[in-house]
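Starting off with a structure, shown below.
So that you can tell them apart, the chains are marked A, B and C in the order they are listed, and the count of residues begins at 1 in each.
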Amino acid sequence: MTAMRRFLASGWLSTYAFLYVVFLYLPVIFLPIFSVNSAATPKFPLSGFTLKWYEDLPRTPALLDAAWNSLVVGLSASILSTVLGILAARSITRYRYPGRRAINSLIMAPLVLPEIIVAISMLLVILQLGLSLSLFTIVLGHVLICIPYSMTVLTAGFEGFDRSLEEASADLGESAFGTFRRVTLPMVAPAIISSLLVCFTISLDEFIIAFFLTGTEATLPIYIWGQLRFASKLPGVLALGTLLLAASFLLMTIAEILRRRAARRTQNDGGLLA
Amino acid sequence: MTATAEGSPTFGMTRARRNALLQSEPVQGLALISPTFLYALVLLVLPILVVVAHSFWTQNYLTIDRTFTLENYRVALTEPIYRDLLWRSLYISLMVSFFTVVLAYPIAYFISFHGGRHKSLWLFLITIPFWTSYLLRVMSWKVILGYNGVLNSGLLGLGIINEPSTALLYNSSAVIITLTHAWAAFAILPIFVSLEKIDRTLVEAAKDLGDGPIRSFLRVTLPLSAPGIISAALIVMIPTVGDYVTPKLVGGKDGVMIANAIQAQFGKASNWPLGAALSVTTMLIVTLMAGATVLVIRAAQRLAR
Amino acid sequence: MPKPPQAERPRQTERPMIEIRNVTRSYGSFKALDDASLTIKEGEFFSLLGPSGCGKTTLLRMIAGFDNPTSGLISVDGQSMEGIPANRRPTNMVFQSYAIFPHLNVEQNVAYGLKRLRLERSEEKRRVEEALVQVSLTGLGKRLATELSGGQRQRVALARALVMRPKVLLLDEPLSALDKKLREQMQVELRRLQQAVGITFVLVTHDQYEALAMSDRIAVMFGGRIAQVASPKEIYQRPVNRQVADFLGGMNFVKAEIVEEDGAGCRHAGLRPRQDRQAEGFRPQWRGCDARHPSGASARVVGQCDGEIRSGRQGGGAPLLRRDHSSDR
């Protein structure tokens, strides 16, 4: 009875929610659909199933180079930003000091700045310093925009952490480093892996900063951007895009599962306090 | 025993003082955050200062003339082309944040109040498209709205239109639609969080005092979720003003935004100071607009009481 | 319960184990602990009792090494603790939240500190086993911390600390998270355990009955200061001031003059009510506060009760004094 009434009360909202999810997913769904369509232009009606656009991908050296570059940039950026994120998240959640909020807002600022501003200002400085643009400069930019996300994931993981666990470890004779290795790290490991995956995904998909800060080497989004000029290359781009979508989806799902596991672990401990 | 305790009190004290200082919360906390802080300082604050400095200089063919001038700002604010681009960027970002917030609010409300056990699943479902490449999402809109695109070919196939419409792509509406879709998840989260914070007994109290569901929503839920609405609006508005990809891919001539002009100054036109002045102007105007939005929503919140 | 080896250690002696000398801990202008001095003897079950915010936990954490005195000295077993970090102190602690490592099972939790000592595997196993026997947790070694009840978690915390064979075991409100019945059971068990292992226990609690039931001696604290240090009996019967008396519960205050005492530790005899006198305190179970007391006419209390009358008849112009059955013991 109650369930029925509740459903009726939320009936309009449920319908709206359903339509909204369709609106969110529909555009994205077209990429995989047209990536297996045999016609060279994406239009209805579909002309037939084919995997040839996918088969062509590994035969494109420029694409393979871009994929490799993306992998290198993604790994470096995710590791660096997660390390910096761990330090900052730990400091924010564990210590109280003047200027804490201001520093936190500064670190989180790239989240709300237009990316183009971040990109051109870094570009200016790099050129002023006489550094040459390369994959390394892309990594620098990606780390900057990944840190806020890393911080968000990690502070959530660190926050529920019962401080007395570390005190207990020290009390039992363990050194500060030993405590970090034997207690803190295992406890927050899921959050750290989750942060790595999130940052890797962002770096893998990021275009603007890579576009401005790259030298001659392209990452996958830059490669795609270049291909968009040629209408004939579109199906191949759709196939590549579908693969990227799948990769992002997979990485984010794993990250989400790990994040929840981390939350459950720390919550369990806190829950027993009450 | 007494001897050990009193053996070297003065030495002990100073060492303890130093230890206490090194072990004090502020010092340890600041030490821990300093690498990240310095990174942000060197790669964000310093570069922005350099941009601000450039905006007061002049491009002299290949070199930069470092005498102070406001000429760049005069150009940025009075040249019709840049003025139009700025206005259009502001208009587009304002429309996009309005639509995303209006569309996102019911979803956030639905998840928060009717999500039941599946709250986190809903949130995950809604945020996942956001994590896919921005470039690809914009690209898929191009595929949908194009002359030979999904929408046109679909409508043709259904016999609703006779020839493909050119009105869909390459205008500012296309930019607004695409950006609204791209930023949807970003608007839902802050609203959801603020709705979650609302004490459910407050809503019940309002109903108990005689308010119907709509009145209690307007008088209690909506005003209390204003902080979420504000941050949702800002988190969408600020980045979209400077969006580059969407106008470039689906905007056509009609949908060009300020970011494209900024990029041109750093690229082909090679006038860094003018690009810098345009960037600084954009940031300032965005800040003003963000402040105005906050004031408007706060005023509306007061009116609702 | 097999006899643990610690039992061979000397029982309660007069030797000081912990010395607190003029210890002050201030946070800005606020003094969490104000010039506290205290000596805790070897083998003693000592309680720090007081309301929340009285500084008892601050003092305990400074003994453990999680906090440092702003001024003053703390020494354990004759050795100054100044500059010695928590992990090198001969003390171990049972945390209020128990702080059981959630990613380790019971055995791994208990063996956590032993790993640092690099014992032989068999020796380590033996000591873990022994500690689990001590706290009656045999057979639960493979359980994860998340699969334990509150009482079991507390036992793990105890075993984990005791296995290190500390000179002093510090207990921070260890029973506050347990329900009433389990709490009473654990009071008995903790006391028995302390007598079995023979080491100094320092317990922090805000529960006066807990402190009275378990301790050899109690320090009552208020507002960062130590008000009284004495045996439970003495504190109960001869509180140094009204605050202590009140905190111990169930006391009557009568503005009266004692004209005569019976000398047996009771202060019930010979009262003459006088409004200008400081109030005298009476425990409700001291039947001397009754008009029918054998010592005669002068025992009749016709005074004004300072405290609220919780129970008893009120009539005949002579208010009966508060009688609190729960504190009878």
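Just so it is clear, a residue touches a chain if its C-beta (ideal position, glycine included) is under 8 Å from a C-beta of that chain, and two chains touch if they have at least 3 such contacts.
Fair warning: this is a prediction, and the values are worked out from it, not measured in the lab.
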Practice task
Please list the single chain whose C-alpha centre lies closest to the global protein C-alpha centre.
Solution key: A
Handout entry: Comparison of A-C and A-B (more C-beta pairs in contact)
Key = A-B
Fill in the blank from the handout: Greatest Cα-centre separation from chain A belongs to chain C
Practice task
Please compute the C-alpha centroid of chain B, do the same for chain C, then give the distance between them in whole Å.
Solution key: 56
Completion exercise
Distance in whole angstrom between the CA centres of chain A and chain B is 17
Problem - Chain centre separation in whole Å, for chain C relative to chain A (CA means) - result: 52
Fill in the blank from the handout: Residue set of chain C touching chain A in the complex reads 64-66, 85-88, 91-93, 95-103, 112-113, 116-117, 146, 150, 153, 160-161, 164, 177
Handout entry: Of all residues in chain A, those that touch chain B in their complex
Key = 6, 9-10, 13-14, 16-17, 20-21, 23-25, 27-28, 30-31, 34, 41-45, 84-85, 87-88, 90-92, 94-100, 103, 106-107, 109-118, 120-125, 128, 140-141, 143-144, 147, 198, 201, 204-208, 212, 221, 224-225, 228, 237-238, 241, 244-245, 248-249, 252-253, 256, 260
Practice task
Could you pull out which chain B residues touch chain A in their complex?
Solution key: 25-26, 28-30, 32-33, 35-37, 39-41, 43-48, 50-51, 54, 103, 106-107, 109-111, 113-114, 120, 122, 124-126, 128-129, 131-137, 139-141, 143-144, 146, 148-150, 152-154, 157, 181, 184-185, 234-235, 238-245, 249, 259, 262-263, 266, 272, 275-276, 279, 282-283, 286
Problem - Partner chain C, residues of chain A touching it in the complex - result: 162, 164-165, 167-175, 178, 182-183, 186-187, 265, 268-269, 272-273
